[in-house]
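Below you'll find a set of structures to go through.
Across the two complexes that follow, chain A remains constant while its partner is chain B and subsequently chain C.
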Partner chain A sequence: MPPTPCSLCHTARALVKRPKTGQQVCKDCFFEVFETEVHNTIVEGKGIFERGEKVAIGASGGKDSTVLAHVLSVLNKRYHYGLDLFLLSIDEGITGYRDDSLETVKQNQIEYGLPLKILSYNELYGWTMDKIVEQVGRRNNCTFCGVFRRQALDRGAAQLGVDHIVTGHNADDIAETVLMNIMRGDIARLGRCTAVTTQSEDTIKRSKPFKYAYEKEIVMYAYFKKLTYFSTECIYSPDAYRGHARVFLKDLEAIRPSAIVDIIHSGESFQLEQSVQKGMKAMQTCLRCGYISSNDLCKACALLEGLEAGLDRSALRQTQANSSNAPTGHRTIPMFERYSNVGASQPAEGIEKAVQAIEIK
Partner chain B sequence: MSCGDIPDGLATEEQGEALMPRRVKVQRFDKSKCQKCRTAKSMYIIRNVTYCKECFSHSLFTRLTRTLHPAMRSTNLTSSELKNKSLASIGGNRPLPQGGSVLIGLSGGSSSIALLDILVEREYIGKGDGRVIDRTKGEKQPVWDRGIILHVDFSDVIENPISKEEDRSEELKKWVEGKGNGLVWVGLKAEDVYDGGLRKKIRGIVGLPKEAEGEERVDGDGVAVDLKNPDLPLFPSSSSSSSTPIDQLRSILSALPAASRPSFLSSILDSLITTTSQIIPDTKHILLAETSTRQAQRLIAGTALGKGYTLPLDLSVINKSSLSITDGSKRDIVRLKPMKDISFKEVAIYTHLRGLNGLVRNARNWDNAGPQGRKGDSRGKGNTRSLESLTEQFIASLAVTHPATVSTINRTGDKLRFTGVKEDEVTCPVCQLPVDPNALEWKSRTALTSLPTKTLPQDIGAVTNGVEQGKDKESLAKMLCYACLTTFTPPTVVSKVARTEVVPIQLPLWVGGNVRDRRREMREEIKGFLIDEE
Partner chain C sequence: MSTSDDIITTSNGLGYTSSSAAHPESLVKPPQAPSAGEDTIEIKIEFGGGLHLLFSSQPSHKIHIPRNIPNDDNTATQPVNMRYLVKWMKSNLLSEREEMFGDGDGVRPGILVLINDADWELEGELEYELRDRDEIVFISTLHGG
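Now for the complex of A and B:
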């Protein structure tokens, strides 16, 4: 069979078929089109970033965050965004999973020359996921991890002094979230989940530059660029509801590859009834730790209280105690300082060591 | 609270003795007897409540009225009628008489048959003969004067792998006419969308004069499109009008990818319903018997198809639209979905109860439309070929482990609202719903099919057989809404170099008509700036 020319440059021989459009392209064009799409997502409208902004990349060592770190560094230089990039990693304390992936993050730090900060659940809450699962069981542990991680990311970012967090959520993740929120009736989240940047008052901005990038393409990019990443799933990975949405999404993609992007488009068009919007809770601050919350106690403090009290699954349903003081003997989360004095807190691991091994020679 | 020293929520089992002794669970009802009337034997259990036959029928009817009646009240026409209190007091629970005709879509599935059965039984539809009701004899005031039953048959395009799909029109017609309620049967076929004489045919059936004043000839509306080109260039209708409507329908179905066929057939169905309601002058309401299960499927499948912008319109119980009729004026028509709160299971039980199951066929089978087994067609899980059927399977399987799925999905759907201003919106020529702004631009931005840095070789062109190149042709892609664009877009973007032959496919006449109207509107807008009117 005669080699087909690349559909984009029409000169080189086509080596890959793009999962998103089905086009047959050569490797270089694939890299270029992938990076250009991410660049378009970033600069669309007023743009996600501002010049000189400090940006923390949520790095788990998995494929999404590794490729994100790589692509952001490349685009930052190529298009002169003028960003100050950091790597921020969270250690949930899952043996056999997180400790391995953290090694990958440390490698990334060396490869891209970015300062790294690691925050652990143990340090922050006094609990690791291993201990939590021991107490709570394997079914609803994702809730704990998710709630704790969100706060941890914000706190780490505040300690680094950054104003913006980027995560590697890809198109598949967002499409799954849209479907899941429809199926579970989570109206509040449905309205927010397709935005490329989310921010409530006084919280750190979070963005998803990979919003339109397919998971398959991210894997292909990492494979062809020979990037190192850690590729297994969390060992406590579920039975979660998200699993249903994921299987359904994969089946939809098999029938029509553009379904993922179509779902995101639909999600963006959804608007809520006015009465529903007004009925949603207003934001306050947690009485115990100062993080933002929709109730008197933020969810993390509530969950922590449940754990400390020795509850199993019922820690999830812990009703919000109206006191801002934790019961005696319980650990509490340290006070959240949104704008911390960067110098005073633990400095991020220095860049000097990493700079030595820096890239393009 | 001072029962013991244990704070709320933290008491464990053993400490229960410090609190009140646990109550023994008392069975308050007998599952063998109906829980509503407490006398008859229970036949069905729905959501943990037992029903006997009568109470079940009654509960179904109550739920139907709870959806239907408020919808009718709010679409009530004149304020003077509302002020007429004596009318309001007639019948108590019945809606105010609307007069005019009601158009009921009968697909032959459980819910449409059940809907018609209930409405006729409860005398909602008049016999069309204008007689005065004698209430002393227990007759009820019908809500509509006349019922028109519309059935569209798709059997000519469905290739069932097991046996030939049968045309059920005769069977259903016999049943409908056997009801003796003066119901008018309008039986159409899917390929009628290519038939220039469709309007004449419908008029003939309903008893109207064959030619209406001011209606333009529809035959000249034909447009053809090149489906292999992602810009979807339009061509004037090819002079091969010797091909029959069914051939033309089959050729477009074979040109579309398998995953797109059900949504295309769905727009055919919608267009036939709209056309029929346009032609019959006193139609006030269109009733569509969509169950809650089907509604949930439509919401999820619609999201997957990219229909998010118009979904709130699609899902609402009341959908009022202004249809332009032949003399250029507009008439309000309201689409209602009275079965919205009733699940598929309940409707199936009802048809079983009424002995109608011999008549019911539930498989729409649009997955098997058009040619089967083409190379390159992907078959999804469970042998599905379309997003819609995959969604049906998914929701059915999810409902087993999470029984509240359907109602949760519907509740979410109810909270969405349509953001555009309906009257001002530009409508899509195919689905006739508002177009989402910047659909084409969004699509090309998120999935780049060409790089700005790479120059393309000169278009080798597709000049063969005297058919012109697609380059300076009007593009259908710019007029379509996002979902229709997804339906028509070729699945793999074929390089321009590889495309040598352009074969335009004929589009149905309603699409051609809408394209022509759009062109005319656009020309009207720029009329003042055109120098040469010729």
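Now for the complex of A and C:
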């Protein structure tokens, strides 16, 4: 096929066919539309950020978080958001996966000149994912990882003194979550999962600037910009439930690429009937660690108690009979302090020695 | 288009570390193709997003395939195309788990294919006719971010 000119600038050769719009664009125009769309997601309505906000980027070293760190740094400068950016990384203790990707995050720290903080499951909960999977088995361990990571991010952010966490969840991820929640009938989560910023009373704001960015475009962006990222599947993921939603979504995308944003839009449009809404649980704080919870014990404390008691998958089922004191000898999660005195806690690794390798034209 | 925002990296944008890529000497050599010449063309193949693990952990391959192949009814020859290449890769380069790479005649949804840095959807996908020294990149998007 003869080369086609870019449909935006009409001069350079088109290299990318955008799944979202079907447009054929050249490399530079692709960078421009991608970055502009993320910028629009950020400033739409009242805007995700406020000037001067301290923002922690949840960085795993993977493609989404690396592109997020890159694009956010670029947009922060270009449009003068006035944000104070940090990299926050969680070490779940998965050998052969997380230890390698953390090396990549350390490289990102140098490339983008952002301070980095790493928090590990081991120091927070006394358990690594490897040990959890040994005890719980290879199915349903994603529940443990997800619950623990969510808390770990909040705690890390509180220690850094940031007001806002951003993650690299992209359009494909959110569409998969919508599908999963429908398949499992989880209406409570369905209502929350499509919001670009989620916040409850006592947790730190959490946003997803890539909400409308297709995974394919993120990969193309990373490839053309030659970004450093780490890409292997978590060794425990092949058995995960999300895999089914993902395969289905990919097949849909192959037939009609707009299906992904359409599913997100459907998820956003769900409205719960009044009577159903009243029946849903209100939020309270965990009696044991102070983190936000819908029951007396937050999910993380309940899971941890199950693990400490030597239970396997039945640790997932939460009983209401728990007292606020953990059984003797069990490890517990330290009390969650929403606003800690930043000076006293461990500061982020500074950028003084990290700036050597940077070259920003 | 200003590039003043660009940050210089040493990466190739394909998302693998050198530790996960096999040492070149341990590369499983594809069966002896006819020596490069008028009858064959050379194709450079690169894998990204972890795909190299299905191909003997080697992210970069240089292969030779016939310049012309028989057409569908075997009446004449036609220039070699992507369809042939994918089949060839499945028989000669793939070291494990065919279903992670192929899907019928094509590639699994979620794998991006770039021909000389252009999206293969712009080049005719499986019908694209390969030329000598073409560079094909296969990038998997199916992993954590």
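Some observations on this one:
Just so we're on the same page, the second predicted complex is superposed on the first by the 352 of 361 C-alpha atoms of A that agree within 3 Å, B and C clash if a C-alpha of one lies under 4 Å from a C-alpha of the other, contacts with A are read in each partner's own complex, and residues count from 1 in each chain.
Here is the rule we go by: contacts are C-beta pairs under 8 Å (C-beta built on N, C-alpha and C of every residue); 3 or more make two chains touch, one makes a residue touch a chain.
Since this is a predicted model, take the numbers as computed values, not measurements.
Annotation: superposed three-chain arrangement on chain A; chain B versus chain C shows no clash, the two fitting side by side. In the superposition on chain A, A:198 makes contact with neither chain B nor chain C.
Touch criterion met: A:269 reaches chain B, while chain C stays clear of it. In the superposed pair of complexes, A:63 makes contact with chain C only, with no contact to chain B.
In the superposed model, A:15 makes contact with chain C only, not with chain B. With both structures placed on the common chain, the touch criterion links A:284 to neither chain B nor chain C. When the shared chain is aligned, no partner comes close enough to touch A:95: not chain B, not chain C.
Once both structures are fitted onto chain A, a short way to say it is that chain B and chain C open up an angle of 80° at chain A, using Cα centres and rounding to the nearest 10. Contacts of A:111 after superposition on the shared chain: chain C is touched, whereas chain B is not. After overlaying the two complexes on the shared chain, residue contacts for A:187 are found with chain B alone; chain C is out of touch.
Once the two complexes are laid over each other on the shared chain, residue contacts for A:77 go to chain C alone; chain B is not touched. For the three-chain overlay built from the shared chain A, the minimum Cα spacing from chain B to chain C equals 9 Å. Once both structures are placed on chain A, chain A residues 29, 32, 251, 254 are touched by chain B and, in the other complex, by chain C.
Against chain A, the residues of chain C that register as touching in their complex are 1, 3-17, 19-20, 48-50, 53, 108-110, 112, 114, 117-119, 121-124, 128, 137, 139-145.
Touching chain A in their complex are the following residues of chain B: 8-10, 257, 259, 299-300, 302-309, 311-312, 378, 380-381, 384-387, 390-391, 394, 398, 405, 408-409, 411-413, 415-419, 436, 442-443, 445-454, 456-457, 482-483, 486, 489, 491-493, 495, 497.
Against chain C, the residues of chain A that register as touching in their complex are 1, 3-4, 13-17, 24, 28-29, 31-32, 60, 62-65, 70, 73-74, 77-78, 100, 103-104, 111-112, 168-170, 173, 215-216, 218-220, 222-234, 237, 246-247, 250-251, 253-254, 358-361. The part of chain A that touches chain B in the complex is made up of residues 5, 7-10, 20-23, 29, 32-33, 36-37, 40, 44, 178-179, 181-185, 187, 190, 212, 244, 248, 251-252, 254-259, 261-274, 276, 309, 311, 314, 318-319.
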